[in-house]
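In what follows, subunit A forms one complex with subunit B and a second complex with subunit C.
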Partner chain A sequence: MLYLELFLQGLLQGSIYALIAVGLTLVYGLLRILHVAHAGLYTLGGYFGVLVYNSSGSLMLSGVVAMFGVGILGVIIYRLCYEAILDQPPFVPLIASIGLFIAMEELYRILFGSYGISYANPPLQQMLPLGGMYLREGEWVTILVSIILIGGLAWLSSHTRLGLAWRATVTDPQMAESFGIDPIRVRYFNFFIGSALAGTAGMIVGILNNLVEPTMGSVPSYKALAIIVLGGLGSVRGTLVAALALGVVESFGTIYLGNVLNRDAIAFVFLILVLMVRPQGMFRGI
Partner chain B sequence: MKLKNILSLIPALSMFFGFAWADTVKVGFNVPLTGFAAADGESALNGAKLAVKQANATGGINGKQIELVIYDDQASPKEAVPIANRLIEKDGVKVAVSGSYSGSTRAAAGVFQAAGIPYISAFAIHPGITQAGKYIFRTSFMGDVQGRAGALLIGQTMQRKRVVVITLKNDFGKSLAAGFKAEAANFGIEIINEYEYSIRDRQFGSIVAKVRADKPDAIYASGYFFTAGPLVNQLRSGGVAVPVIGQEGYDSEQFIKIAGAASEGVIITTSLDRDSNSPETRSFITEYEKLTGNKVDMVAASGHTALNVVVTALRKAGTRNPEAIRNAIAQTQLTAATGHISFNALGEVRKNVQVQIVRNGDWHYHSEIRDQTLLAPPES
Partner chain C sequence: MGYEISLLTFMGISIIGSLSLNLITGFCGQVSLGHVAFVGIGAYTASILTKADTPFFVALLAGMLLAGSFGVMVGLASLRVRHDFLAITTMGVNFVFLGVVRQQEWLGGELGVSSIPDPGLGKLGFLALVLGCVILVALLSLQIRRSWMGYVFEAVSGDEDTARMLGLDVSRYKLIAFALGTALAGLSGGLYAHHVRFIFPDSFAFVESITLLAMVVIGGNGSILGVIVASALLSVLPQWFQFIGDYKLLLYGSLLFIVMRFSPGGLAGLAKNIFPKSKKAFALKGNQ
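Our next item is the complex of A and B:
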């Protein structure tokens, strides 16, 4: 039973990683940019969630603001920061992205204070044992939201014209453009979806920890990179599998290897081991 | 030629300004104001500023105002070393205080010791800090000392014997755990399991699941408010109801905000007694809240205490000779916000450990540990 519970805890952590890493992999797949500032958008989702909830008391409203607000900001970041340097070598947007991320962290500290913000009446904290599994309401909601959002994304990309246009642009941008697909719109769409997922993840983590801090993006900033490498850069399916696998490995590792390695070290040992066997990552393609 | 002329002016100008500044007595202060430790840094700085303000209002140092020379060290050793050099060489401070964590304080301590400038650690707890040499002091408890106090609290005061230890994997958590484990058996405590986590962890689901299966009588968990808040919250909502015993890292109203109702009944060892009747502690609590609008915490009280030790020593020494200042610090007998301060031969503070408990959403007096044999810091 304990093993099952640790496994479920791992899936829970993994689904949070998945929400964050999918956006990163979408951006990499389309533009070949390692978008480190993505983790700054994740933090912003946490702030939107806690600020709107504390002033309105509506979980729904704060969820909508976290998702759409962060989604729109993601598009703005693309427009203002990346668009101008797309034709530069890859390290230029990477450096811009790291700089932007650090600036965002310090901006949150200046705007919202260094102590972090907590929910005044933390929602979804009650224990809800289902099938012998002790998870809080918020943790069940996390799993549910991840399934809905990522399932929705899969449906969007395989069943709509927008999804078709997006996949075509990833595969061959010039060919897609010659068929009348507007690459700019696809990029906006891409950043919007990816950022909205990260914003949602930030809000969820803010509720689970009951704490939103300026530096809460620091772990996702590098762990999400590890996940997309593990999943085979640019592959959404690979990223999902890698995120869940990493969550489970960390969950067991924290208990049984915790005295030797900490959670981050376990994650990177796992990354190295997988890359030794499969240098191309777990999956290739979209 | 012109450039050379301008360059030659620089030493002259700096000498001029140097004289202009000589009207104040400078005290160096390294503190994390950005990065992950910025919250504690803000408290430490506010505590220190309050002490300086109070000292300046009561005549400064023999009529001269005290100036706090502040640098942001991001709680990072690689920032702390150049800052220490700068404080000594550029700013010319004759005494300095660390309002930072163990890593950076330890790194800076070596520099101050080599330069023969007295340096006080306000709340960094690693044993290596004072071992740097005779110019280094500490006004808070060493981790080991507080860990031993935790063992007494759990095994003797609370009579809990089956304990799970959850350790924050850094200097702070490690030295607490070392002290706790060294004394645990003497108080009849059996440590049934130990888990470690990193300072960036906020999700403890798997540890909670395992602790529930371990069925302990009590949990000894080290951490700061930003890790302990989520941990305690998750333990309680995960159905673990046994007492949680923490340390001074929890000691902040932020802990109560984060953990919410789960914080009720959490007990910690610390150096600030909020229910104290001592006029020094009471005035610190009122003045700090008036100055910052925040409630007091251990870090602010420690920053305040360390600066007060410096002020008292500077007044007593009456000179800017670092050796005289060091000797004055070594002979400190001062009642500060965190209790009576005096130092042993190693520069470690001797004082009682305060035990606080969360009741009705606030920290309150639980007990006091006065066993000076148990609490005695090492002499060398």
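Our next item is the complex of A and C:
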């Protein structure tokens, strides 16, 4: 039973990682940028969620604001920050992105205070038994939302014209452009979707912890990088599997290796070991 | 006066750290996001040795050796993974280092190592030692760039596969870059530990690696003078920003972003645009 519970907790953490990392891998697949500031958008999703919920009391409304608000902000960040430096060597956007992330975290701290904000009357906290497992409502919702959103994304990319244009641009930007696809619009779309997913993840984590603080993005910022690298950089399918695998490895690792290494170190030992065996990540080319 | 001396010493240590990263990232083109782990290895090694009554210079050297040997291991990893994969792997090295140090009782755990003995050179003497090291490291960098090895580094940084096709032993030179760069990082760590005389895991957190990389990139990746100027500025900037207190990090982050957004070549790139003839003095690399 303990194993099953650890496994489920790992999957839960993994599905949150997945929501964050998919956006990052989309950006990487299209533009070859390691978009660290993505985690800043994730934090913003948490803030949108808690602020709107506390003032309106509607979970639906706060979800919509967190998703679309953050999505639009992601597009603005691309337009103002990355567009001009796309042709630079990769560490230029990387440092720019890290600078942006530090500035965002500090801005949240100054605007919303360093102690964080809690939900006035926390939603989705009841325990709900399902198949012998006791999880909070919020945790079931997390799993459900991740499945719906990522499933929706898969459908979007395989069954719509927009998705077709998107995949074409990732595969061969020039060829796609000569077929009349507007690459700029595809990029906007890409940033919108990725950021909206991160915003949703931020709101979910805010509800689960019942706390939104300025630094909540610090851990996901680098862990999501580890995940997309494990997944083979730019492969959405690989990222999903890597996110879930990392969640499970961490959940077991903290129990069995907790007194030798902390959670972050376990994640990165796993990363380094996998990369030494498969330098292109777990799933490139699968 | 004591404050200025201490600040200058700190500046010198930062310059050694960033010049050491410049060898790996600037010259040889291998982006490292975990360089401060090697600074940490040097710092921990040297301070534990001097606390066990080892002479200061021997401890410093031991720190360099150990940091260098770990550097060779990461260098071996760089033969296996490339580009962004390497960047994230080195980032992982930083977190693994922190994770290990935090959990080891004999390394002081979370509390770190305190009351590190004074090397007995006096404040000015220590400053002189640090500045001497800065000059030596800068000269070494210059020498490397002018040598055959410097050309190989540039070739590896420009296009690894072509360099290999030309018959250059890419693997060997990458390892040399890592060994040299990380050993010098160990030197700056040993100096740092005996300057502040108190170290703990957070002194070597990931954000410090970013700061080092920022110094290299803002200076203009590969430009020795640029990197020196940038690290001198960035290491004292937080001190100057004290008066804006709460907004210190906000300004720092924005600055990183703005420099990269509007002058991706860093300070050296900026200088080159303003004074086109000084190109040689700043010695930019071709890929800027």
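Observations on the model:
The rule we apply is simple: the second predicted complex is superposed on the first by the 284 of 286 C-alpha atoms of A that agree within 3 Å, B and C clash if a C-alpha of one lies under 4 Å from a C-alpha of the other, contacts with A are read in each partner's own complex, and residues count from 1 in each chain.
By definition in this document, a contact is a pair of C-beta atoms (placed from the backbone, for glycine too) under 8 Å apart; a residue touches a chain by one contact, two chains touch by 3 or more.
Note that this is a predicted model, so its numbers are computed, not measured.
Once chain A of one complex is fitted onto chain A of the other, the partner contacts of A:98 are limited to subunit C, with no touch recorded for subunit B. By the touch criterion stated above, A:126 is placed in contact with subunit B alone, subunit C being left untouched. Looking at the shared chain after the overlay, A:264 reaches both subunit B and subunit C. In the superposition on chain A, no contact is made by A:178 with either subunit B or subunit C.
Looking at the shared chain after the overlay, A:106 reaches both subunit B and subunit C. When both complexes are overlaid on chain A, the residue A:225 reaches subunit C alone and has no touch with subunit B. With both structures placed on the common chain, the touch criterion links A:88 to subunit C but leaves subunit B unconnected.
The contact surfaces that subunit B and subunit C form on subunit A in the two complexes overlap at residues 106, 259, 262, 264. Within the complex formed with subunit A, the residues of subunit C that make contact are 25, 31, 77, 80-85, 87-89, 91-93, 95-96, 98-100, 102-103, 206-207, 210, 213-214, 217-218, 221, 246-247, 249-250, 252-261, 264, 287. Chain contact summary for the complex, subunit A toward subunit B: residues 2, 5-6, 9-10, 12-13, 106, 109, 114-116, 118, 122, 125-127, 134-136, 139, 205, 208-211, 213-216, 218-219, 250-252, 254-255, 258-259, 262-264.
By the touch rule above, subunit B contacts subunit A in their complex via residues 33-36, 38-39, 41-42, 169, 194-198, 200-203, 205-207, 209-210, 212-213, 226, 229-230, 233-234, 237-239, 254, 257-260. Within the complex formed with subunit C, the subunit A residues making contact are 28, 32, 34, 81, 84-85, 88-107, 110, 222, 225-226, 229, 233, 259-262, 264-269, 271-272, 275-276, 279-281.
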